[in-house]
Amino acid sequence: MPVIRERGPQALAVLHEKDTQQPLRSHSSFIICSVHSLTRMKKLVLDVDTGVDDAQAIMIALTAPKVEILGITCCHGNTPLDNVLKNTLRVLKVCNRLDIPVYKGFSKPLLASKQHASDYHGKDGLGEVPDPDAPGVELLQKEMAAQAMIKIAKANPGEVILVATGPLTNLAVAVQLDPSLPKKLKSLYIMGGNTESRGNTTMCGEFNFVADPEAAYIVLDRYTCPTYIAAWEFSCRSSLPWSFCDEWLSLKTEKAAFIRKISNLSMNKARSADYQKEIIAGKGFNPCDVFALAAAVDDGFITESEKVAVTVELDGKHTRGMMVLDYMEHLKKDHKAVIMKTVDLEKLKKMLFKAVK
Amino acid sequence: MPVIRERGPQALAVLHEKDTQQPLRSHSSFIICSVHSLTRMKKLVLDVDTGVDDAQAIMIALTAPKVEILGITCCHGNTPLDNVLKNTLRVLKVCNRLDIPVYKGFSKPLLASKQHASDYHGKDGLGEVPDPDAPGVELLQKEMAAQAMIKIAKANPGEVILVATGPLTNLAVAVQLDPSLPKKLKSLYIMGGNTESRGNTTMCGEFNFVADPEAAYIVLDRYTCPTYIAAWEFSCRSSLPWSFCDEWLSLKTEKAAFIRKISNLSMNKARSADYQKEIIAGKGFNPCDVFALAAAVDDGFITESEKVAVTVELDGKHTRGMMVLDYMEHLKKDHKAVIMKTVDLEKLKKMLFKAVK
Amino acid sequence: MPVIRERGPQALAVLHEKDTQQPLRSHSSFIICSVHSLTRMKKLVLDVDTGVDDAQAIMIALTAPKVEILGITCCHGNTPLDNVLKNTLRVLKVCNRLDIPVYKGFSKPLLASKQHASDYHGKDGLGEVPDPDAPGVELLQKEMAAQAMIKIAKANPGEVILVATGPLTNLAVAVQLDPSLPKKLKSLYIMGGNTESRGNTTMCGEFNFVADPEAAYIVLDRYTCPTYIAAWEFSCRSSLPWSFCDEWLSLKTEKAAFIRKISNLSMNKARSADYQKEIIAGKGFNPCDVFALAAAVDDGFITESEKVAVTVELDGKHTRGMMVLDYMEHLKKDHKAVIMKTVDLEKLKKMLFKAVK
Amino acid sequence: MPVIRERGPQALAVLHEKDTQQPLRSHSSFIICSVHSLTRMKKLVLDVDTGVDDAQAIMIALTAPKVEILGITCCHGNTPLDNVLKNTLRVLKVCNRLDIPVYKGFSKPLLASKQHASDYHGKDGLGEVPDPDAPGVELLQKEMAAQAMIKIAKANPGEVILVATGPLTNLAVAVQLDPSLPKKLKSLYIMGGNTESRGNTTMCGEFNFVADPEAAYIVLDRYTCPTYIAAWEFSCRSSLPWSFCDEWLSLKTEKAAFIRKISNLSMNKARSADYQKEIIAGKGFNPCDVFALAAAVDDGFITESEKVAVTVELDGKHTRGMMVLDYMEHLKKDHKAVIMKTVDLEKLKKMLFKAVK
């Protein structure tokens, strides 16, 4: 844990970070408080459909400075829910952090047919390299994901940063159960949607949104907290070179070995000519979910963005599940999302390295 | 509570009623058991958007023989949720049954825009005749409607008859929270949908379904328990003569006075030429929600029905929210709903009279 | 052929009165004319997708009193256009009326995918009983169907009764080419659409409308002439008993033999349990297209009808192509179609007998 | 008019090669021909909805080397059809080319509601600077646009380059009337559609496609000739600097004065902050329709493009009329359109200057 560098004026600089909504109230007890209370810890709840890139995202979160993970909620998505639960526990075990509470979420979208991305992430969602000693689901919390989100947000008003890297079913039901949830959140980071009608699942639709279009619609409609979106096209344009990837995964650590193992299948897939065709601008390694997480843990990660009202097309033969950007302001929506345009890729590389050290 | 008349062979006749799924296991303790265990009590949960016809339905349920109301869950619909809560409590107060637990449900559809039927039911949803001594919302249960449904069904496996007379939002979220809920229910009775594309809200859509089409879709898709539907066209064809209505409401009881008072506005509306135009076959008093309730409390009420798979059109410029009957079996759905065709109107009249005595 | 009817402007003045529903029976100044020439000749253009029921309709038209067929335009539908052309010529040959001009229309719907009803009408659309001596397509007119409709209507302003018994592609393009066409027609009779969401092709859609929903939409939108619709549900309810059918087809005439031969396959199909299931009310022989034609040639055929604005649902997963009736007057359409409710079935039987004599 | 080019089968073989992108410059056996007749003349048919940018496009076509305009067909669009007809004639008059045949096309989309872009192009579609001496509509051809297209293509098989700069209604009906039309064309250039869901009329839809989505769908589906598309986003990215515009319009010629006059209103609009917001990449003068025309008259104009199958979304609350690019090859379409990516802007400037000299 960082001890010194947050002290003094630098620390204050950190405290006055962009998204701070509540100014620091009391300074008097400054000297005696622990480092933990000195600089504001980011309190994260991760909503995942673990998957290879979710695994990478979780590992970055676990190694990011001044970040506390209050819980991980699981959702159907890249792989069926049961796999997501197991995969999430496996990642935490490798990182020796099984103390983090993991919650079971929904196994089905609100009404769309279920679909998974098994061809990419493998049948088990984690590269088809089973762990005979994987932790058992008895480690899961009894409480359900949506209710846990509500409870955690209530217990940490204005502090919780929700990072959603799967279909948005859990978030959609949570806001239905507690319409005041968004107001209690600090912010929401989403990996999903598309900005230029370039789909990766349907012709115009990105996987997470297409996997539950109604949930995506509800979330973009009702989560009026500050919302940051890492869309598919952005992630394609922000790909890392394969050479970086080779270097990264050649680290001689247990964590690197784990990532290497689970990533093998999907990286081969991703490097294939067929898949690269789908990548719009720039070829390379697209860590996808990681972008949302990186933005959530480092306020300086996003270097360029735009604010625009967004929604999701629910009809449409080819466009169902497509995110729609309202540049023309036809929707008359007050709430605008922050659409990520460019990010600091050097920071990303450092995070990825730190994650496996 | 009924004491004697259910004893003897008649009682057995009752026990062998049509829908009994579990045969009576032990007869040895017959003599000593309480009346309650002697004949099967129907255990109802009512999901309402109280409204005038919901009020009538509740009052029938309260006076039906061998019927126990385990709870009333409230949903947005005829009037905003806050009114629904107040109206439900007002009805229970008039009937001196404030002991029945009332639960707060959702104030919004899953994603459709909210809409209410204020022009018909009045701004307060109950004929605009405020009660200064109406019971306060402090009487509401702390638990939310969807969770309460799940808990009650779990506590009474195979016994709960769910009667839904409003938009189906509560039921949709409940089955998302607990996919096994339908299996735990005895049956589901719905007032809603249409069978012949004759709408009462949009050109082809009935109010309860149009008010939350996604919820209706989810319920018809996932509630695989025996499901009975009183659709709009059926209710129109089963109208009662206004003369009956006059007689009914002229009873000199407190309850009749209450119904008379709250029904005045909507009955004038219903008797107007403009409204009668919308009624398809047969003019008269259409008690709507009451049909679903009457079928739930009396297994002999439905005299003709058909079983067919059903779903809800979610797209469609004119047909969004329309119930679709799959006579051609294109959907390949195993689960068929029972569509009510004709009912015993004499029984209905008796129930209505009994309700206000 | 009528000779007298062109006599004198006075006669024309009477005969040309718009929308005359009761034919002029007797007129003192017309003592010298034959009854046939006395009353106004009905001038028909038939737009067909010959099929078995189109064949029957054409044969009724050819034998109806005071009816002149100005042309037959052919459209894709029951069977591919080439078959429709051949089948139409075959019917005219059997009736010895190859003098009637036959026009080639569109082989494809405006934008829907092509579909045919081969399983019902047979691969050739006419019961799979080929005629080695069938007339050749060299007998077809050079002019295309849509343009021919426009020309004929222009040459006979206010007199042409258009009877459409197939998909409405020809009519849709014709009104695009000449928006004034509907004003020049006397009336339009359509077999197609549905009134109670009971489909015969999709769950909610009737074949002719589903085969080209955009064309149906355009026709119901732009043909503001008096429009009579024989919808699918009506035709089902107006079925004739199979016993009548047996008697009808046992007539010892060449024409009856022809009908018997071409109807064999579809009648066996129609009599099957599977097909009868789809028939809503009343089982039996449903001559479908014949209803529209019968209404066109005999103003007394329709015994009950209702006027209502109609349109076609173009979106909709299950309802695309479904006719929508605007009882609630949401569309604010001035033009109402006449929806056929009941017809004089005794008249129908007589027409069918006369057609094969 | 070219005389020699039909000489000898060899010459024809060379001249008729499909998709020749570099015009034949010199040929030894052609010493006696004039340069004009030496190289292949491009035979254009323009389908316009004259508007300001259509006017500019026509003027470029009239001054482009080796280009013959066989006809101009008019369509509803920027302004009602009657204005389009008048505006087209006005442009030809200014250029002293009233000899070019102008055809009246459709005044309405196939089934969408009519809409015009009056706020941009002015009420008369041409900047609201009426010409008291405008040529009369008696100069129009008697034949309709769709039929004229068919006739011209038939008379010039494999030679006609169709340039469509308005809604595609005329083209859609033409291919319905003659499905073989596309095979007879040399190529088709379209201004319309969008590639990145960035609309200019609806949130995701470009004006020409949204003005008749069904027509756009039909054209992209059935015109299997080489098809080049200048989409909205491309045109935005290819804007010219306002400084160029000022220089261009300051030329002291009658034609420049005409363009200046008719462009005044729309350029002020375009230069406004409000409008520039909609322009995606690069601010400036977007001559829109001109891009399609420039590509048609100069094979070297397009410097970068991509081939991809395309279609049009017809459903969709926000996406109706949006062009969909099938990078994932889900449509299994053989025919790919050429989507313009970058063009030679210096060439464009020269064309614009030449057009007004």
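Quick notes on this structure:
Each chain gets a letter, A, B, C and D, in the order it is written, and its residues are counted from 1.
Everything below uses one rule, namely that contacts are C-beta pairs under 8 Å (C-beta built on N, C-alpha and C of every residue); 3 or more make two chains touch, one makes a residue touch a chain.
Here the structure is a predicted model, which is why all the values come from computation and not from measurement.
Between chain A and chain C, the least number of touch steps comes to 2.
Under the touch definition stated at the top, chain A and chain B share no contacting partner at all.
Separating the centre of chain B from that of chain C, both taken as means of CA atoms, is a distance of 46 Å. Per-chain CA centroids place chain B at a distance of 61 Å from chain D. Among all residues of chain B, those that touch two or more other chains are 314-315. Taken as a contact graph, the chains are arranged in a single closed ring, with each chain touching exactly two others. Those chain pairs judged to touch are A-B, A-D, B-C, C-D.
By the touch rule above, chain D contacts chain A in their complex via residues 195-199, 202-204, 277-278, 311, 313-320, 322, 324-328, 330-331.
On chain A, the positions that touch chain B within their shared complex are 106-108, 110-111, 144, 146, 169, 173, 176-177, 179, 214, 217-218, 221, 314-315.
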